[in-house]
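Read from first to last, the chains carry the letters A, B, C, D and E; within each, the first residue is number 1.
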Amino acid sequence: MDLLGLYNYWIVILLMMAGFYIVISCGNLVKKIIGLNIFQTSVFILFISMGKVSGGTAPILAEGITRFSNPLPHVLILTAIVVGVATTSLGLAIVVRIHETYNTVNEDEIHQQDEDAE
Amino acid sequence: MINHLPILQVVIPLLVAPLCVLFRSPRLVWSIAALTCWIILVIAGVLLHEVLSNGVISYEIGGWAAPWGIEYRLDEANTLVLLIVSGIAAVVTSYARLSVEHEIAEDTIPLFYSAWMLCITGLLGITATGDAFNVFVFLEISSLSTYAMIAMGKDRRALTASFQYLVMGTIGATFILIGIGLMYMMTGTLNMADLAQRLPAVSDTRTIRAAAAFLTVGLSLKIALLPLHLWLPNAYAYAPSAATALLAATATKVALYVALRFMFTVQGVDFTFGQMRLDLILLPLSVVALLAMSMVAIFQTNVKRLLAYSSVAQIGYMTLGISMASATGLTGSILHIFNHALMKGGLFLALGAIMYRVGSVELDKLAGIAKRMPWTMAAFVAGGLSLIGVPTSVGFISKWYLILAALEKGWWPVVMLIVFTSLLAVIYIWRVIEVAYFHAATDENSGIKEAPLSLLLPTWLLIGASYYFGIDSSLSTSTAKLAVLRLWGGGL
Amino acid sequence: MAVSAIAIVRLRSLFAAVMLTSIYSLLSASFFLTLDAVDVAFTEAAVGAGITTVLFLSTLALVGRHSQESHHTRWLPLGVVTLTGAALIYATLDMPRFGDPAAPVHQHVAPRYIEQSAQEVGPPNIVTSVLASYRGYDTLGEVTVVFTAAIGVMLLLGRSRKDKQDDEHET
Amino acid sequence: MKRNPVLRVITDLLLPPILLFALYVQFHGDYGPGGGFQAGVIFAAGIILYALVYGLKKTQRVLPPQRIRVFVALGVLLYAGTGIAGLLLGGNYLDYNVLGSNPLAGQHLGILLVELGVGITVAAVMIMVFYMFAGRK
Amino acid sequence: MITAQTAILLAITIPLLAGVLIALTGKHPNLREAVTLLASLALLLTVSSLLPAVLNGQQPILNWIEMLPGLSIRFQVEPLGMMFASVAALLWPVNSLYSIGYMRGNNEKNQTRFYICFAIAIASVMGIAFAGNLLTLFIFYEALTLSTYPLVTHSGSENAMKSGRVYLGILISTSIALLLVAIIWTWQVTGSTEFTPGGLLNGKLQGPAVGIMLLLYMYGIGKAALMPIHRWLPAAMVAPTPVSALLHAVAVVKAGVFTVVKVIVYIFGLDLLRSESSAQWLLYAAAFTIIVASVIALRQDNLKRRLAYSTVSQLAYVVLATAILAPLSVAAAALHIVAHAFGKITLFFAAGSIYTASGKTMVSQLNGIGYRMPWTMGAFAIGSLSMIGVPPAAGFISKWYLLLGAVDAQQWFAIGIIIISTLLNAAYFIPIIYAAFFKTSDAANTHGESPLPMVIALLITACLTLLMFLFPQIPLALAQQLAGVGA
């Protein structure tokens, strides 16, 4: 089995999991968003990787080139990047508001404050 | 124009959303939004009629044939969901005016309605589309607007609830994206119908199995299937009342529809239940969701939270029906999607009216409220009875089909479970009723008046519908059965 | 890249984490470039390394730079992550090899874009053709997502704190 | 930063090329990499740079948030409206073929309009979001 | 003359309409109570207009909406339903009269809510009586539970709430957990839920399944108060007495045993049950309930509670009679539903009358009360005789047929139970009458009779008890029609 051909994917998965780990384990809300960012970016790499054709070029038509990489994943990922930045900005906006009302961005402290309030 | 209705259904609210931003007057924006919602309800009605009489409608956006372009594909299953979403949207938007004025700062109201319309756009878009990636895009539209709306709640915990939902929702969406990506990788297509044709050839691969797993997990997050429901109770409890009603009645239902679409149409029954044995995973999760969440609901002191937990439990009924992997079970699930939307929508609207007058939905604040707001509480009781499954209510119809399905399978423990959780529903509903009807009113509550008519009418419209379809269920059941036939494909 | 990602996991200074994220973004942009995805690389550089960083920094300016570590048990997240990672590794086992021109993605749908787009749509940049025309509706959705985010941010941050306090005094 | 003349001069020098480059990317997207989205981001980046150096107040005097808000909506309307135009001219939604005298011309016009819509919204949104964050201090 | 179909519809809508009118006239007590009385009389007329046709052997049918595919809300007037409806319609005016006296005499709160719920409960009873299939029956059965809940908790006190919870808890949980499942199972097995002469399940279900199905039905019908699910009935005693009278004589408990008889006759069919050994347990369950409830009744000092346990045991009579599975005993069951209704409502009326006039609730306080309240206690005596089954009261007739049926079926065990329980009945009723008339009162009591409407009401029901003994033709004819035995 030609495992070398999969090596590329595995690196991506490693990155992805690092991001995912940040999201679910970090108590800091900003860091969670950072984690989301990394997680998503790694997924993008996964998509783009599958679009690559060995020996192909960027999918811009020009004289004399017949082998192109697959443009469809590129399109999808363009959209996904935008979605990602949209999510990030909204998430950060919420973080800012949370900081204003709770004066902290640490999950445990917020939790503590909510419990004290009850 | 009539053949463009499928796209207009989604694009009209999409166009209205930016329009809302351009105006300043809350009333004007509300009128536009409400009018739009009634228009799309009419469109959904016409579409359902078309689908029922002429079969599947396919609409090629941009004039590009699928699978190259994006296709809207309407059949009995998703047109029913479209009708649910736009119907709920119409009623809840009509209701929203006073409730939103009461709970949202005036200068942000136009923006709020813009988010509101975007949410509806997203939900409709997810439902109508026949393209897997398009699902993701519209899912994000609805999700982002939902996060924003939840964060608008008056309680500061609304912010943390919204953030939590944002993080979990984004993880879910990314999982869905991974799932779609893996499927694309193995088939080269994103169109659902095309995927359905090409998947069987590669369904043996580990990649496709993982794809199905990622899709399921991602969607389960959005459906709030136990144990991925953690975001839901807070989100529902602290969001503005109108938003809670809209979300509770539509958002999880749409996600569940997408799950059905992937399970049945795209992956096919053989793969989902034969290879993946999804039923074996869904069954215990549904059972635990039903039992645990109903019990948790009993101990809530905030009525909105109580109903939120009840929602998670009710989702258990829907997934339970799916896990039976039988036509009757699936009919029960689809019916419950429809029925639960009506009753939960009505219940949350009634709560919104209480919020409007009392300013709180904590249980101890509601003492003796039934005397002051008899119509509102009557609506709550009626909705609650439906949740319990009292005959002539829609809850009874769903329960009938679910029990019938369990009996067909000879699953007696499941029969008992359905019955037992209905009894748990009696307990949590009755706690509210006792406080509202039989406890002496507190001094604070003495000056409270009945909710205004513009809140009562929509509430009763939904409650009324939930009894109309409980007494004469021919329309909903026949559509649900057709939807089941369509989802099941040739296997039935 | 892997180094920067893992460093972020360990880092306590949010400022450094943001900077590393930015670098991570730039690195992935260059990676996209090597994978022939010029448009994506361009966007990732502008968005990931540009706008996102600015947003993060503005946020940090408001909320402070340091992250206190919480004392959660690390096993559950680690378990979930390992499981997810394992599922993905499992998924890769039957994947087409990297760069393989015979992979299904290159056999279906995409060829038409490459072969026909010049006649059907026009622009030599196939990505543009697909983005704006074949899958133009997705792009409409994408614009709507951006719009939604703006609505959300305006809803959340549009009113100054003072407005809000006035409001609370009234009620 | 406001008082640093070096930065000011550099900004003054850089801003026109940045905005021009944004326009280039916007309209050259057909031929090379780029398009509405990237153009919007670059345009916004230019404005943000200006705001960082000259201060938020001054920037908002040139580009008031109210106007940006209109542009935020306008881009989406332009995009969705193009689709409606196709619909009114007898095609399906977002069908550009019917926009021009022949399909290719129609596609060209359609993509142009749509990319413009993307560019406007993205630029406006990014500036708006930045305003919002920066305005919190 | 109105058609039978309209009459069926009217029978359900008149009380409902009355409920609406009562709500509208709630501010004017006189008008409100006039509405109640008029509606009750109108209902009586409507129901009696159906009687001739049914006596002639017709069974008018009304199909309403199709609620589930192939399953509609359906009404069919058969003899048993006719009997039940007539009893309820006959007693509603009397009970209304009594309620007016009682509610005013005791200055109860929330009287409007009381009358509304009462009217809705009567509508539900009509629906149950005329139901043509299990689904319809179930709908009105639940409606009855829910509409009587506010009546039980009427006073709103902590004690009332607690009892209300027991009431609702048992009735709702048994009906949803067992009855509904049984109905759906029946539908799954037969594809129908219609009441079919000879038995719907006959030939469709065999073996132990029959026993299980019977278990689901018998304990699902919580209103029949078969032990151990009888607890809601004594709990419901916190309600005002007119409600207890309604619950224990007319509406709720009778709806329970009525459903039991209907299910056994039309769903299982006597033949099926006779042939299945797994279904024999019912007889013993009923016998157990009769004896145990009687013993408990003997030990209650609270008059209403004693009456409640007496009801539990009397209901079990009906079940026992049906479980004997002989045509004659089924007729006896039907007759006993009527006879017990008249007798028990009289007893409750009397109890309420005593409470209104003197404030007494305990059996031990009743020494010599017969001299102060001769009418009330006279009626009480007649009611007691009917319970024991002695002529000249209605109870004798049903007991007579019960014995005949048992002999016919050679159920010596059942006969033994009947004899023992008759002795027990006598043991807990006779002392009350004895104390009332032959003991001298110990305290200085100054009260006289209760308000006139109450006295009139309880005299009417006492007379009905006697009349049914003297002129049993109509109920007898209906009962025989039901059981398929010639007159």
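Assume a contact is a pair of C-beta atoms (placed from the backbone, for glycine too) under 8 Å apart; a residue touches a chain by one contact, two chains touch by 3 or more.
For clarity, every value in this text was computed on a predicted model and none was experimentally measured.
Chemist: So which chains count as neighbours of both subunit A and subunit B?
Modeler: Shared contacts of subunit A and subunit B: C, D.
Chemist: If every chain is reduced to the average of its C-alpha atoms, which one ends up farthest from subunit B?
Modeler: Most remote chain from subunit B, centroid-wise, comes out as E.
Chemist: Which two chains have the most C-beta pairs in contact?
Modeler: A-C
Chemist: Among the chains, which has its CA centre at the largest distance from subunit A's?
Modeler: If we average the C-alpha coordinates per chain, E ends up farthest from subunit A.
Chemist: Just curious, how far off is subunit E from subunit C if you go by their C-alpha centres, in Å?
Modeler: 71
Chemist: Could you state the distance in Å from the CA-based centre of subunit A to that of subunit D?
Modeler: Those two chain centres are 24 Å apart.
Chemist: What whole-Å value do you get for the distance between subunit B and subunit C if each is reduced to the mean of its CA atoms?
Modeler: 28
Chemist: Using mean CA coordinates as chain centres, what's the gap between subunit A and subunit C in Å?
Modeler: The answer is 4 Å.
Chemist: By the touch rule stated above, which residues of subunit B touch at least two different other chains?
Modeler: 14, 17-18, 21, 61-62, 133, 137, 140, 144, 147-148, 151, 178, 184-185, 190
Chemist: Which residues belonging to subunit C are in contact with no fewer than two other chains?
Modeler: Counting only residues that touch two or more other chains, subunit C contributes 38-39, 43, 47, 51, 55, 58-59, 62, 88, 92-93, 95-96, 103, 105-106, 109-110, 113, 124-125, 127, 131, 133, 135-142, 144-149, 152-154, 156-158, 161.
Chemist: Go ahead and list every pair of chains that touch.
Modeler: Touch list across chains, by label: A-B, A-C, A-D, B-C, B-D, B-E, C-D.
Chemist: Considering only the defined contacts, which subunit B positions touch subunit A in the complex?
Modeler: 133, 136-137, 140, 144, 147-148, 151, 156-157, 159-160, 162-163, 166-167, 170-171, 174, 177-178, 181, 184-185, 190
Chemist: Show me the residue ranges of subunit A that touch subunit C in the complex, using the header's touch definition.
Modeler: 2, 5-11, 13-22, 24-28, 30-31, 33-35, 37-38, 41-42, 44-45, 48-62, 67-79, 81-90, 92-97, 99-100, 105-108
Chemist: Residues of subunit C touching subunit B in their complex?
Modeler: 87-88, 90-96, 103-110, 112-113, 133-138, 140-142, 144-145, 147-149, 151-152, 154-156, 158-159, 163-164, 167
Chemist: Using the touch definition up top, name the residues of subunit D that touch subunit C in the complex.
Modeler: Touching subunit C from subunit D are residues 29-35, 37-38, 41-42, 44-45, 48, 69, 72-73, 75-76, 79-80, 83, 93-94, 96, 103-104, 107-108, 110-111, 114-115, 117-118, 121-122, 124-126, 128-130, 132-137.
Chemist: Within their complex, state which residues of subunit D touch subunit B.
Modeler: Contact set of subunit D toward subunit B: 69-70, 72-74, 76-77, 80-81, 83-84, 86-87, 91-97.
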